[in-house]
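As written, the chain order gives the labels A, B, C and D, with residue 1 at the start of each chain.
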Amino acid sequence: MALSKEQIAQRIAQELQDGFYVNLGIGIPTLVANYIPKGIEVELQSENGLLGMGPFPYEGEEDADLINAGKQTITTLPGSVFFDSATSFGMIRAGKVDLTVLGAMEVADNGDIANWKIPGKMVKGMGGAMDLVAAAKNIIVAMQHTNRSGESKLLSKCTLPLTGVNCITKVVTDLGVFEINENGFLCTEYAPGVTVDEIKEKTAGRLVIADDVKEIQL
Amino acid sequence: MALSKEQIAQRIAQELQDGFYVNLGIGIPTLVANYIPKGIEVELQSENGLLGMGPFPYEGEEDADLINAGKQTITTLPGSVFFDSATSFGMIRAGKVDLTVLGAMEVADNGDIANWKIPGKMVKGMGGAMDLVAAAKNIIVAMQHTNRSGESKLLSKCTLPLTGVNCITKVVTDLGVFEINENGFLCTEYAPGVTVDEIKEKTAGRLVIADDVKEIQL
Amino acid sequence: MNKVVANADEAVKDIESGMTLMLGGFGLCGIPENSIAAIVRKGINNLTCISNNAGVDDFGIGLMLQGKQVKKMISSYVGENAEFERQLLSGELEVDLIPQGTLATRAMAAGYGMPAVYLLAGVGTEVAEGKETREFNGKEYLLEEAFDSDFAIVKAWKGDKAGNLIYKDTARNFNPMMAMAGKITIAEVEELVEPGELDPNFIHTPGIYVHRIFQGEKYEKRIEQRTVRQRN
Amino acid sequence: MNKVVANADEAVKDIESGMTLMLGGFGLCGIPENSIAAIVRKGINNLTCISNNAGVDDFGIGLMLQGKQVKKMISSYVGENAEFERQLLSGELEVDLIPQGTLATRAMAAGYGMPAVYLLAGVGTEVAEGKETREFNGKEYLLEEAFDSDFAIVKAWKGDKAGNLIYKDTARNFNPMMAMAGKITIAEVEELVEPGELDPNFIHTPGIYVHRIFQGEKYEKRIEQRTVRQRN
């Protein structure tokens, strides 16, 4: 059984380390916050100007002045701090954020990512994605392994306009976990019930199966 | 009678306009604050991180955390604001300070200034002087017309290492008031009892006496 | 230092057609609602707006788009706006999409008197096309110019008559940089107080950057994504 | 996020001879007194110190100079220090004098991940010697590199255990930039509080920049120029 979105998020949450500052993108990445392992303390950065993002507010307590980068109403936690957008991207650019998780349309086996523009469709903009992928030191992509037509999103070269180059360190899909190194995608884990053959079949980029490849444990 | 230091400061205070943000250097420039004309509101910037600098504290009320750029204990005024050093020089560089007054060892008739280093003597550093003269849009020098040996400090070319180039707009000395334009020092006012001939004699740089030159009124 | 003007109409009175405006806000959070309304009333057009977003159809900069007042948007994200899309596709509107951090930093550069900055975002992408690149310490950077604008318009929580501003929560966002960058900066605030009422240690935008200030008549503060959790 | 260390000695324990340190403070105002004392006790040497000033003979960085711990000072002004002068003239000490705003902005650049910045200060002077210049909009600028250092050491008024800092009055000065620029940043505070006790809207240095924090044992806070006025 391929992983659900929640399970992709749950697997990525295993990458969190105590003391990490983490930026979670919109979509599956946001769900990672629900699976922070016990005993691990992380602080969530929202690039519109908050460190220490808390959960959604209780109904009736929404504050229009307190939103995340997805424009959702949120709350703060003890130790939270607000800052301006230049400071926010300054700390990202200076490598102060330990882990960034974001979605993608395509990832190439050299670490390139495309996730902002589809030629012929209305382009809404890259928001903070280009800043994040250009500067973060540890970037995990959370996405489905294939698109709606069943084509691999793990490619030898992105076909869509790039968001960033040589920047992705790991991809977690519904089928498995893939580190990116000079040999391409290194499959270190597969989803329960998913075969290595299925992963090989559905991966277009260079793929290496780790000697000690194992089933994802959630 | 040549002007005293206080009178030089008093004359410079006539240059203040309502609403000006002003940075006053150490020495004679500091005294300008004592002569702000009635009905004129100015705000003093201290480049170590304060806008709205107030007078010295009453005895016993000194606070080590509240000093000016000359490291003197000071006070705030209603509307004061503290900021960091990068912001302080950012606002100077962006031209937000309307008037800067500072002392000098030499000024050249093209607006060059030297006020930070004497070869052969221990060099203490330029502090914020180079930032101020490079970026401020309106800079008045307050100084004695001649040095202790009686030599002119208004030169055709500075002999000392420069602090900034083509930056001084006006010089007020004990002998008179001099605008700097493409023809050199334009003497627009002379001190009471000082003759134009004395000014000519004691000025080494190109000097033009304004047609409507008049006595300084304090 | 009294920077107070009577109201939004007075504050924007000399903004003219064809000018470039910088506007604070992220989505609909922290936008200068009253100034935008006054610009809509004024009916000027051909404006270039530097703002992270373009509002929604019936609020924020969306209202200026409805009035066909905007010639060009310089933004990082312009979703959530059908009229925007229509004008863009019909060629009535130009858009320059730039990374969010680049937008913030090009505004900051203007406020710090820096003519250009070297930034990482967009290296190797189409954003880099036509831009000068340079390597420092083995990394490639793009040279990005400081913004040049005629007016900056920001919204703060509290402000004093000398123009000192404080922002609330994430409504701070782009406002401090835009405020610093403006040749003329207009600030609208929810609460206008006397100089001395704001603690000088906790002011986000020093008054030296602010040329005009007024208390907004009312604030709708619309929420784009109302997300809540249930009480147990 | 608990960044608390027991004391100054613990905070500086892995600072080694030959390293580059950035220190906050302007004159003796806002200097990390306790950390400096610990570095003096530790007896390391060959340090490069990036700090606006070099203290006075018997306080601040002057104490490190007395111990001959400093190989090089990078400062904007180094008066008020006879031992400094002696070591400089004897060739024991190097000094790199740079304009104060350039010092602040090179530190800021490091904190914002910008490798270099274009600044006006020093154009046409000996400060420009050997530096790349470039014209933007008819003005000449110098290319100035971001600082690279091993540790930053700052002093704040209050801090929480997550490393969030606030500074008091003009003791803020260089501290926020140094804090942002450090690979490892040590903050000493007059008052250490629990997370949540500082208002998140009024924090000067977000905790993400601070790696270690402790409450200083005592603060002498020496005044360099005690200037007062008489009561009428």
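Rule of thumb we're sticking to: a contact is a pair of C-beta atoms (placed from the backbone, for glycine too) under 8 Å apart; a residue touches a chain by one contact, two chains touch by 3 or more.
Only a predicted model underlies this, so the values are computations on that prediction, with no experimental measurement involved.
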Pair with more cross-chain C-beta pairs in contact, given A-C and B-C: A-C
Distance between the centres, which are taken as Cα means, of chain C and chain A, whole angstrom: 29
Computed distance of Cα centres, chain D from chain C, in Å: 33
Centre-to-centre distance between chain D and chain A (centres being mean Cα positions), rounded to whole Å: 36
Two or more partner chains touched - positions in chain C: 105, 112-114, 119-120, 167-169, 172, 200-201
Multi-partner residues of chain B (at least 2 other chains): 76, 82-83, 86, 90, 92-93, 135
Pairwise chain contacts under the document criterion: A-C, A-D, B-C, B-D, C-D
Contacting residues of chain D [partner chain B, same complex]: 26-30, 52, 75-79, 85, 88-89, 97, 99-105, 107-108, 119-127, 157, 167-177, 204, 221-231
Parts of chain A lying in touch with chain D, wherever the complex brings them together: 19, 21, 41, 43, 45, 51-52, 76-83, 86-87, 90-97, 135
For the chain D and chain A complex, residues of the former touching the latter: 1, 110-114, 160-162, 164, 180, 194-196, 200-201, 203, 206-209
Contact footprint of chain C on chain D as seen in their complex: 105, 112-120, 136-137, 139, 141, 166-169, 172, 199-202
Touching residues (chain side chain A, partner chain C) in the complex: 46-50, 55-68, 70-74, 76, 82-86, 88-90, 92-93, 112, 122-131, 134-135, 161-166
